[in-house]
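Below you'll find the structures, each written out as structure tokens.
Common to both upcoming complexes is chain A, partnered first by chain B, then by chain C.
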Partner chain A sequence: MNTDNMSFAGEEFYRLESVKKQFSSVFGNTADLAVVSVDVGHYKGLLCYLTTMTNTDFIIEHVLKELTLSEHKEPVSMDETFHLLETVHYAALKHETLVDLDKVMDKIVLGNAAIFIDGFPKVLVLEVRTLNSRSIDEPTTQNVVRGPKEGFTESADTNMSLIRRRFNNVKLRFEKFELGYMTHTAVYMTYLDGEVEDHILKQVREKLNGSQIDSLFDSARIEEMLHSKGKGIQLFPTVYSGERPDAICSCLIDKRIAIIVDGSPFVLVVPALFTDFFKSPEDEYQWVVIGTFSRVLRYFAFILSLIVPALYIAVTSYHQELVPTILLTSIAAQREGIPFPASIEILLMEITFEILREAGTRMPRLVGPTISIVGALVLGEAAVQAGVVSNINVIVVSLTAISGFVAPIYTFGSKVRFFRFGMIILASIIGLYGLVLGCAFLMVQITRIESFGVPYLSLFSRWDKRRVT
Partner chain B sequence: MSVVRFAGIILLCFALLAACTGCWDQTELNQSSLVTGMALEPGNHSKYKVTFEVVNALETDPTKGGKGGTPTAIYSKEGNSIAEATQRINESLERMILISHIRVIIIDERLAREGIDQFMDVLQRNRYVREDVLVLVGKGSPASDFLRTVYARGQYAGYKIQMQVETYRKVYGGIPRSHLYDVAQVLLTEGRVLMLGAISISGNVEKSESIDSIKTIYPAAVVKMAGAAVFRGDKLIGYLSNEHTRMVMLASDYVYNTLFALPGSVNGSKSPGAVAVQFYHMHSHMHVRMDGKTPKIRLNVEGDGKITSLDQNIKLTTIKGYDKIEEMTREYVNKELQKTISYVQQNFGVDVFGFGQHYYRYHFRKFKPIAREWDSLFSKAEVEIDSNFTLRRPDLKTQKLEKDGIGP
Partner chain C sequence: MTPSKINFVDMFAMQLVFLLSTSIIFGTPSVVPDSWLVGIIAFFPACLFIVVYGAMLSSQKDMGLYQLLEKAWGKIIGKAFVLVYATYFLYIASRNIRDMVELVMSTLLRMTPVPVITTLFVLIVAYATLGGIQAIARFASLVLCIVIMMLLTIGILLMFSSSLILEQMLPFLSKGIGPVVLSAFQHSIWFPYGEIVVFLVFHKEIGGAKGFRRLTLYAFLSACLILSVSDLIQIWTLGIEEKKYSSFALLDAARLINIANIITRMDAIIALIIMFGTLLKCAVFLFACTEGLMHIFKGKTGKYNFPLALLAGAFSILVTRNSAEHLTEGLTYVIYTLHIPLQLIVPLLTLLLLRIRYRKGEAT
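For the complex of A and B:
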């Protein structure tokens, strides 16, 4: 490959000057490349690494100190020096011996240091990757009152360690993949060997290996890819994502596969069923009755957030006979003098709420109080007093809003919010009939979904012998 | 499905929205008014005069307070059919009316005497009129006057009358069941005639129309329960008093809770109620058989109850005291029931009790030949009453508070 290096008995000896030249031609003038001339025992050597993937203390402490072989006073041969480094001095570090310079460079990009010895054909590659990462914090999207407070971080190593320390089991596997032909992001498929169905493992492997993406910065990107394709649009998420190691571990116990993406604190789990999106790990840490109660409450809230505004519109503008008289007079009294029809009124407030939510999530933390003050004005008493919307409307929209956030998994809640608009439009066109049609459509869609061969509604559906898992 | 196609479908949906909002049967709440009461009278120029009680929703909302107006407004329209008058109500009213929330339909007695069958169909046919709406007969005043009595709770008159009828029936039983479905049921059944609830007004209606009338503690006019209106076929023939109505209801097993004030034996009719007993869980069974041309009817009445007041001192420390009161109740109820039955037999000669219905259900073949003459047979029927009342508790005191007296 390299004409500058002397060939001897089929192997290439590295000449330090040419190695340096090679590096500068490949890496260019990148500022974080360190190519340092060092003494390796009694020979001249070269230490190459990326300063951004390690820190100087680590290099001084663990690499440079050992490099001089200070305890060996009398000179040893080149072979022996290399052997000593490999087996004695760097035995504790993860290391390997390479010959091919291209591979060495790839390794350096991933956070390794390469040690060349002048006139020696082998290169010692040491893993010196020490990255600063966020410390383990409480998860921000899945909170519990009772239960472990640790959450995943952006570092896949930390995340794997969080799982491993809960699973002292030899069967736990972390299978490594590299995704993204530009970024080479590490992706780990985690499962309990022997527990998981082979065909599911095979499918996940195929999907990960067959990916054509250029970059991968968050696990949401492959969530799309993991959806089973070919059956229309996926209206409901079929991939569970969690920020809590305990939740992910309990999924592993349930014979699922977790997928850890380096750089994302959200770990994915497949296959995921409809019921999973209503589970919170806390359910299992409480008295079973309380846990079941809150789970049932979540299903109820899901239905509420889906149909309440639509039901309100259908009932007040098409089916007044369904409302108790006293309630209807009360609603009618509030609707007096409101300039808009009920459907426009609801849509207006729902969109206001969505804007408020979007602003609340994206705004800089410093302007937070501003949003809550202004938000309370447009979505509250002030709007009612201005005669733009009615009280009952505010109640309906607020009830829907809080019910929408009860779902423990955010992605699920956001999909439901989207369907709600569809329901509102259907109900304002053809009343209850439209609402029922919409629900039927969702029901049909939801029963068609399969997640890696497992029916999405498994726990509710009829027991099917052909699908025994 | 490609993204383009999906987007296309979404766009189509929105196009549909633009085309279809405000579909033909959509009614906005703030462009329509609830009707809560309906009164039917003979018209001056046309056949009927229909009066609607239309809610002014803003005034009924306690939180918004309104502007001090009346909670309802009354609109009348004359027409040759009820449907026509209803449809033409907008000659005087600006909003569309929602008739699905009618609470009471009050029929004028003049109209009821001519027969109610001619206009029941429109009420039964309309899908917006509920089957459980109350159909009442207005006794002594024009039907529209009943809707013109404002009352202190600030709610509409229809609601007040409905609540009053239901509550009165529940706690005393002095008014018959008269929902729209009861009317249909009785009109279709054999061996029983229609009985509707009757209401009357005491006080000055003219004064009661104004909201000022409820600013006094004594309302200018009050709607009162007036027992039952008895029909032969579909025509009104007379009224039963509240007491008679209660006994009729008791015989037909429609009374759940009532109170009997048993008279003492000292001063005749002015004698104070010696004992008052309240009964709940009341049941009655009837047995009808024909003895030649005379129906023989056996009526069993039973009930559980408690003592609510005791004017004479009857010792309740032993079982004998209870036995005595139970015996008094039995005698009283038997006498009153017998009185009511003979009153109905003599004055109306129609079976309001449903004895014929019972016979029709249990002995269909025997009833068939006499079905047409049942009412005349009924007026000669012999009724044997067997009642059985059980007193469960004396409430708080076992005995009337009285000094025992010392010495001989």
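For the complex of A and C:
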């Protein structure tokens, strides 16, 4: 502490001038720092906060009005003033009392206001953080027809409240972590106390505490970190990310852990299983038969999007005898005059589709229609008419493309696309045998993964209650 | 891997697929008329294996095949036996690979060089073993679903293409019961039932002697049922004579499926599905083999898997010159020189030695 401060009996009294000086030496000339001289009761005081982390109305309404202690006409002592402020005037705001100036500054960065009293050793720190955030909208990636339409926003506070208002349960815990040594981003581990297995909690805590990242702007960064690093490569996502509070809450009921990152509308859930990526919250809001039907449909689409192009290549270039004769002649008639072999043809269209998709997601919204016209008309129709690709090829590629987007979780769908290319290559080299080997590899891969000790895919696990991991 | 209790159902699925995988496609290897009876009859002597192996596991606490061998025969002879068993498992794995390759070659890929097919296959087998027995068991439960669905589909489709003719199974027992029983003892109880000896290695995961007895009994029952039904379907479609001389009877039966000229050539799909079963069986054998080597030579987990898998692949090509030789070797020589000694005689002797050397109550 600065020597300008008067020291007395081990406690240091803050002198306003020196506090100001120290603030300007630490914060420099940053424009959003407000250091305001105020009257605290009958004493001189100083109010410090960052204007970017709160809004002026809030400061005037809740902080400045109370500061003057207008109802106390007769002078009270400094101690009493501080006590009154703490217990009466700011009782509704989240507050704490600090002594160390460095800690006070850290708090100010997080959106707190500090009140110094001239010649008093303690500092009152109030939480005045009121940030403008996007209002609660409908989620953009997980749409439902029936069910709640709220989606998470970028503000962790909003997100936590979205979860809490669905869970009026004392057992719900939000455990706070700070990640990123440059950004100090708040990360909240959410779980139902007593429900989640301890070893999973411990592992997640260890991973969050042991992180060495410098910054964290989206939950995707820690998704990679939480992704269980077992033996060898893992191609399937083991972290679920959702934008819907109801989906996350149903995961919490299932004894999982949700992780909220401030600044990201995507809340993560660990451990995630293979089946989670095929669940949409809507399934549970419908008649059970329809829900099951659409879930089965999703699995089917997943398999379709994996193998259809590879199957087409294998069958047309190696195993023509497997195709029913009528269909074979029809395919052969269409492929007549096409200059490329089936594998090149498929790869050509698949890559074209990938480019279209990438362009479709990245481009400004105004030019959207252009892309769809070019994509659908020019590349689809014209390519067939020009004799570059066959009709059946366009059908195969579009079928796979649509099936690829059926998966309710986008990250899962995007991984499947990569496997598809692998399958295509395998099938072009050794036909159906390669396709089956590729499927076998994926099956082995799926069954090998364990996400925090929980098997990623275990068909019969629901009948096994005594599993110890 | 940390030792953890395995999912009971997954383990059962593993044993069942293990029993079904190759025998379902090669049928019960018997040149007798009522081959479906062979499967049923073979079940009863096969239960002897459960008794012997169960007794072995319960004689000592917490000991698998390899540890028991060493305990019973002493350090040096025991280790020799462990090596023999490891080699035996590797050899059966390579035979299974060969079976699979023959199948793929005859149904799908006539031109692809065998080494390519084999190498790719064994690499995936090795990869499957790296995850440990639990991962293999979970894989098995996936495969089991596929195999059972396949069998049901074949049955239903055959029915719809009106290929199932029940009279084809007559005359019933035209040569008396003698050849049927003989065939059961000659082939069926050693393959597939006797091969269950490999599961003694995974005593911990299978739940000791008690779990082993229970699981294996269920697996034997289901396998016996499924194999007999599949044999019956084959006989109903092909007739007794054709079934007897067909090398891949199930495929020949499936080839008869024809629904409105659209659903045809189901045999290729079945051949591909059988690959999953073979993959699992090879993975189990290979894993048992690597456990044996680790027991003797120590070393890190995953050190032996890929070399051994490649070795099994190479064996599968080198072991016989052609398909006919491969089949005769499998049906006669292997049974008398390998299966009977290693599945019955050595375990029996081991059990005897264990009983003599360590009486009950003084297990050390």
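Criterion: the second predicted complex is superposed on the first by the 456 of 469 C-alpha atoms of A that agree within 3 Å, B and C clash if a C-alpha of one lies under 4 Å from a C-alpha of the other, contacts with A are read in each partner's own complex, and residues count from 1 in each chain.
Criterion: a residue touches a chain if its C-beta (ideal position, glycine included) is under 8 Å from a C-beta of that chain, and two chains touch if they have at least 3 such contacts.
Owing to the predicted nature of the structure, the values given are computational and were not obtained by experimental measurement.
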Check your understanding: Now for A:V170: first (chain B), second (chain C), both, or neither, which partner does it touch?
Key -> neither
Check your understanding: What is the contact status of A:A342 with respect to chain B (first) and chain C (second): first, second, both, or neither?
Key -> first
Review point. If you stack the two complexes on chain A, which partner ends up touching A:T316: first (chain B), second (chain C), both, or neither?
Key: first
Review point. After superposition on the shared chain, which partner residues are touched by A:L457: those of chain B (first), chain C (second), both, or neither?
Key: second
Review point. After superposition on the shared chain, which partner residues are touched by A:S428: those of chain B (first), chain C (second), both, or neither?
Key: first
Check your understanding: In the superposed arrangement, does A:T325 touch chain B (first), chain C (second), both or neither?
Key -> both
Practice item. Have a look at where A:V288 lands relative to chain B and chain C in the superposition and call it first, second, both or neither. Key: neither
Review point. So, does A:A440 touch the first partner chain B, the second partner chain C, both, or neither?
Key: second
Review point. Taking the contacts chain A makes with chain B in one complex and with chain C in the other, which residues are shared?
Key: 232, 318, 321, 325-326, 430-431
**Study point:** Touching residues (chain side chain A, partner chain C) in the complex
**Key:** 231-232, 318-319, 321-322, 324-327, 430-434, 436-437, 440-441, 443-444, 446-448, 455, 457-461, 463-464, 466-469
**Study point:** Touching residues (chain side chain C, partner chain A) in the complex
**Key:** 4-5, 7-10, 13, 104, 108-109, 112, 116-117, 120-121, 124, 127-128, 130-131, 134-136, 138-139, 141-143, 145, 261-265, 268, 272, 275-276, 279, 302
Check your understanding: In the complex formed with chain B, which residues of chain A make contact?
Key -> 232-233, 316-318, 320-321, 325-326, 328-338, 341-343, 391, 422, 425, 428-431
Practice item. State the interface residues of chain B toward chain A in the complex, per the touch definition above. Key: 1, 6, 13, 16-17, 20-23, 25-30, 32-34, 36, 55, 57-61, 63-64, 98, 100-101, 103, 128, 130, 159
